[in-house]
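Presented sequentially are two complexes of subunit A, the first with subunit B as partner and the second with subunit C.
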Partner chain A sequence: MTRHGLRRGLRVFWWLTLVFLYLPLAVVVLYSFNASNSAAHFTGVSLRWYYRLMGNEALLSALGNSLLLAVVSSLIALLLGTLIGYGMFHHRWRRLGWLVVLIYLPLVLPDIVFGIAEMAFFVQVERLTGWLSPGLGTMIIAHVSFQIPFVALIVYSRLVGLDPSLFEAAKDLYASPWQRACHFLVPTLRPALISGVFLSFTLSLDDFVISFFTSGPESATLPIYIWGAIRKGVSPEINAIATLMIAAVALVAVASLLLGRQRAGRG
Partner chain B sequence: MSETSTASAPPRQDLTNRAPAAARSAAAINLEGLHKRFGPDSVALDGVDLTIHEGEFFTLLGPSGCGKTTLLRILAGLESPDAGRLTLGGRDITQVPAHRRSVNTVFQSYALFPHLSVRDNLAFGLRMQGVSKAERDARVADIARFIQLGGLIERRVDQLSGGQRQRIALARALVCEPNVLLLDEPLSALDAGLRGQLQVELKRVQARLGMTFLFVTHDQQEAMVMSDRIAVLNGGSIQQVGSPKDIYERPANAFVARFMGHDNLFPILDRDGVRLNTALGALTVEASEAELSETSGEGSLLLIRPETIDLLPPDQAGTNCLPARVTDCLYRGSQAEYRLDVGDAELQAMVNNRGWQLPSVGDRVCVSVAAEDLVTLAGEAGT
Partner chain C sequence: MSGARVAQAPGGRRALGETGHLLLTVAPGALWLLIFLVLPGIYLMSVAFMTNGPYGQPQMPLTLDAFERLAGYGILGWSPANLYTLLRSLTQTLVATLLVVAISYPLAYHISTAKARWRPVMLLALVVPSWTNQVIRTFGWMNLLAPGTPLAGLAESLSLIPPNMGLYPSNIAVTLGLVYNFLPFMVLPLYAAFEKLDISQVEAAQDLYASPLRTFWHAVFPQTLPGLLAGVVLVAIPAFGMYVVSELLGGGKHMLLGNLVARQFAGGANWPLGAAGAILMLLATFAGLYVMRRMGRRLGGGNEVVI
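And then the complex of A and B:
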C-alpha cells in the first residue's frame, strides 16, 4: 500500500470510529426533542419532554441523591486516598507489595461481586448492631471504598515522579512536618488531587451496579431511577435525561481541558 | 555571574561581617567517631573524626561510594549516624532534626520547588522560619543583587537553564544565612566552561561572606581550585586532610596519590639509608630516617610527579640522573607529555615547552629529578 493510501485508510478508520462512538448519542439527543412519544418516528421538534422532567419529583430527588452521593463520597475518598497514596510512597522501601495489591484489588474486581459483597456485609452489620440500614449512608461507604484506590494510585504516581531531593530541600529550608504538608506537599500534589477528585466524582455519578445493591428505598440515584423507568418501557423523557447528562459531562470535560491548558500556560 | 560581582554591594552587614579571617580558628563543625552503615555489607562511614573551621572552604573529596555524600547528609540532618557525635558551633546537634539546624544545602539536582516562582523559592526558607513579609522581600532582593540574578527572579523555575538553576539554588540557601553551607556536587551537571566560571564565582562568594562552606566533589581539580582544605575519603574513612598543596604534593598514601592523578608510582625494592632501589634504578630521597622507616617497608611506593622531571642530554651524570629512552611523546602546546623507558619500568614526564629543542621518540636522554621532589608512600593496606 502506498503511504498516501495508508494515510487515507487511517482517516477513514478515524471517521468510522467517531461515527461508531457518537451516532448512538446523536440518536438519543435527536429523539429527546421529538414531538411525539414514538421511539421510531421523528415527527417534529418540541421541548415537551424537558418540561415533563421539571415536574418529575422522583427524578429530581434521584438527581439530588446522585449529586450528594458523588460530592460527599469523592471528598471523603480524596482525603483517605491521599493519605494512603502518601503512606505507600513514604514506606515504598519496605516490602509492602502485597498490601498494595490488596488496595488495588477492588479496581479489577467485577462491580457486581463488589456490590453483592458490600450488600451482604451491610446486612450482617445491620442485623448485629442495628446500624447501616440501606440508604445514602451505605452507598457513601460503598462508593468511597471503590474510589479510594483510584485516588491513592494517582497521588502515589505523582509522588514517585517527583525529584526525591525536593522533600529534603523542604526539610533543609526549615519547614516543620506540618509546614511541609501545607507549603510543599499539597501545592505540589494539587494537579493529582484535582484529577483524583474529578475521577472519583465521575465514577460515583456513573455507577449503577454497586449503588443498586447498597441503596435503600429513599436513596435511588439517577442511574437507578432510569433503570426503573426503562422497565416500564423507553419513554422519551429518558432521552431528555440522557441528553442533559451528555451536556453536563461535555461541560465538565471542556472545563477540565481549559483548566489544564491554563495550568500548562502558567507552568 | 561575572567579574563585576566583586563590585556589587554586599547584601547585609551581618551576612558579610560574620567571620573575619582572624576568627577562623573557631571550629564550625566537629565530628567525632561517626559511623553509618546501610545494611550488613554496606559501610558508608567507618569512624570519621573531623574538625572544620569557621569561615573555611572545606572539600570532601573521594570516588563515588566513599561516604562523602553520606557525611554531608548527616550534617544536613537528612541521615542520622549509627554512632558518633556532631557539633555545630559548639552545640551538639546529633539529635536535632534537619528543619531546626542552621545549615542549608545546595542539592546536586538543585531541588527548586516547581510549584513556586523563583522569588517564592528564594523566600521559602525565611517564610518557614516565620520571617515577616517585609524582611523577606528585603533579604531576597539583597541576595538577588549579591548573586546578580537580575531578571531571573521574575521567571518560572521551568524557564531556567542549568547554570541559572544552580545560582538560584545557591541564593535560596544563602539567603537563610546558615552557619554552614553544604554543597553536594553542585557543579557536576554543568558543562565544562560554565563549571569553571561557577567555580571561581562560588569561591569568591564564600570569601566575601566568610561563611563556612562544605563542598562535596569527586573531581580533584575542582577540589584543588576551590578549597582551603580538603579531606580525601575512601571506603568510609578519611585518608588525608590538608591544603590542596599538601594533598597533591605530599599524598599520605597510595590511594590519595592515585586519586590525585599520579601514575608514576614505583615499588621500593630495598633501601640503603636515603638511597632507594626501584625498577627505575637507584634514587636518593630527602627525608628523615624516622619518616623513611615508616614509609619504605613492605609494599611501599616511590612517587615521582611528572612535572618535577627534567630531561637532560644523555651523557649527564649526577644525583638522581637515570639513563632513559623516549618511547612516546604527546605534544600539548604549552607542555609535552613523555613516556620513557627507564631501567625496567615506564616513567611519565611532563616538560614545559620553553621553545627549546624537545627530545623526540627514540632519543636517548637522561632523566633528572631533585631529591626533595620525591615522595615515599606507605604500602596500601592488604597489598
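And then the complex of A and C:
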C-alpha cells in the first residue's frame, strides 16, 4: 500500500519537474505570438514580432557570425584534436601526464576565468604587436581552445576501444603510414570524428560567456545579440528569436529520438 | 606545424622516429593550448600582482594591492561588499547543490524503475531544455518572474514581496536559476548509479524490517555515492563560477564572484582586482576537484568520477 503511494508520489514529482523545466521555454514561445508588446498581458495571437525579425540586419549578421564561428572553429579543432587523440593513443606508454593535464585544463576552467584570460591576453598582444584585435579571429582562437579536448578525448577513447590486432593487420596490409591513415584510421575513426566535430559545433553555437569576452564590435554572435537586447530592455522581439532557437533544438531532439528508436529496432 | 615538418624533412620516414611521430601528432594541438590557453592564464595570474593604472590597465610595480582590495580594503577604508559577494557565491553554490541533490534522487530512482523503453525518452526530456542557450533559458525565467506575472502576483498576495515588484532581481531568483541550469548534470550520473544498483542489498535490508529511511541510508546511498560525487563536481564547480544567471536574475545587489570579476574587466576597469578574483575562483575550483578526487579514490571506484 505504501509502496503504491510512493510510486504515485514519484510520478507526480516527475511531472512537476517537467513543468518546472519546460515552463520558462513555454512562456518564451507563448509571448513570441503576443499581439501586445506588454510582457504581462497576452492580448491576442500575432506574427508581428517574427515579421520584424526578417528586416533586422544586426540579427541576421549575428546569425551569420554564429554559424561561421562554429564551422571554422570546429574544423580546426577536429584537425588538432584528432592528431592529439591519436598521438596520445600511439604513445600511451610514455609519460604524458603533462599532456593529460593540458587536455583537461579547458574542461575544468570556469567559463568566466577562461573568457577574461583570453580577453586580457588578446588586449595585451594587440597593444604590443597590433595583432589579434578582438573580432571573429580571436573568437575562433578561443573556441578552438575549448573544443580541442572534446575531440581529442572522443578520438582517444574510440582508439582504446579498438581490437589491438586491427593495428597489426593494418601494418601488414598497408606499407606507408599515409596509406594506413587513409584506408584504415580515418574509416575506423569516422564515428568518433563525426561526433567530435558535431559536439564542437554545438558547443560553439551554445557558448555565450567566452564569446562575449573575446568578441569585437562587429562580431556579435546570436547569444551575444540576444544578451544585448535583454540588457536594453525586455522586448517581445527577443521572444521570437528565442522561439526559433528553441524550435531548432526541439527538431534535433525529435531527430535524435527517432534515430535512437531506429537503432534500437535494428539491434 | 612548421616545427613538426622540419623533423620529417631530412631523412624521410626513417628519420621520423618515435619522437618525431609524437611531435607530428601531439605538438600542433599542444602548442595551440600552450599559447592560447596556458599563456593567457599565466598572464592573467601575473596581472593580479600588478598595480592598477589610471585607465584600468595593469602597470609595473608588483604589489598585493589587488588582494587587499578583494578583501575590502580600499581608498575609503574597509568595506564588506566584496566579502559579502564571496560569501554569497559560497552559500548560493551550497544551497543550489543541496537542492539539486534533493530533487535528483527521487527523479533518478523514478527513471531507473521505469519501463526500459521509456527510460531514454525520459532522460531526453530532462536534458532537452539544457540544449537551449543559457541566455534564453534565463530570459524565460525573467519573463516568468517579472512584475505583473501570475507568479509575482501570487508572491504579492502572500505579501512576500512589495506590490508592483517582480520576483527578480533577488537571491531566490539566482538560486532558482542555478537549480534550473544544473539539474540534469546531477540526474544523469545519479541515474547511471541507480541503474547499476545491486537490488539484493536493498531486499536484504527490507527483509530485516529496516525502515525505508534506513534502507536508503545503508543499502542505497553508499551504492550511489560515486554518481553523487560526479554530480556534485558537475554542479558545484560551474555554479561557483556562474556569470549569466546571476547577472540577469541577480544584478548588482545579488552578484556572485563571477560577476565581480567580470565587472573589473568591463565597466569597473580594475584588471588587477578582477585577476585576483579569478585566482580565488581557480583555487576554489582546484580545491573542490581535489577533495572530490580524494573522496572518489577512497570509495575504491575512483574511475567512476567523471573528472
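In this section, the second predicted complex is superposed on the first by the 238 of 267 C-alpha atoms of A that agree within 3 Å, B and C clash if a C-alpha of one lies under 4 Å from a C-alpha of the other, contacts with A are read in each partner's own complex, and residues count from 1 in each chain.
Keep this in mind: contacts are C-beta pairs under 8 Å (C-beta built on N, C-alpha and C of every residue); 3 or more make two chains touch, one makes a residue touch a chain.
Please read these numbers as outputs of a predicted model, since none were measured by experiment.
After superposition on subunit A, the partners subunit B and subunit C are seen to fit next to each other with no clash. Residue contacts after overlaying the shared chain place A:I238 against subunit C, while subunit B stays out of touching range. Touching more residues of subunit A than its counterpart among subunit B and subunit C is C. Once the two complexes are laid over each other on the shared chain, residue contacts for A:T129 go to neither subunit B nor subunit C. Using the contact criterion defined above for the overlaid structures, shared-chain residue A:F184 touches subunit B, although it does not reach subunit C. When both complexes are overlaid on chain A, the residue A:A120 reaches subunit C alone and has no touch with subunit B. By the document's definition of touching, of the two partners only subunit B reaches A:Y174; subunit C does not.
After the two structures are overlaid on chain A, the closest C-alpha atoms of subunit B and subunit C sit 11 Å apart.
Put simply, subunit A uses residues 176 to touch subunit B in one complex and subunit C in the other. Residues 163, 165-166, 168-176, 179, 183-184, 187-188, 190, 266-267 of subunit A are the ones touching subunit B in the complex. Subunit C contributes residues 13, 18, 21-22, 24-26, 28-30, 32-34, 36-41, 43-44, 47, 103, 106-107, 109-110, 120-122, 124-126, 128-129, 131-137, 139-144, 146-149, 180, 183, 237-238, 240-241, 243-244, 248, 258, 261-262, 265, 271, 274-275, 278, 281-282, 285-286, 289, 307 to its touches with subunit A in the complex.
By the touch criterion given at the top, residues 76-78, 97-100, 103-105, 107-109, 111-116, 124-125, 127-129, 156-159, 172-173, 176 of subunit B touch subunit A in their complex.
Touching subunit C in their complex are the following residues of subunit A: 10-11, 13-14, 17-18, 20-25, 27-28, 31, 39-41, 79-81, 83-84, 86-88, 90-91, 94, 96, 99, 102-114, 116-122, 124, 141-142, 144-145, 148, 152, 176-177, 202, 206, 208-209, 213, 222-223, 226-227, 230, 234, 238-239, 242, 245-246, 249-250, 252-253, 256-257, 260.
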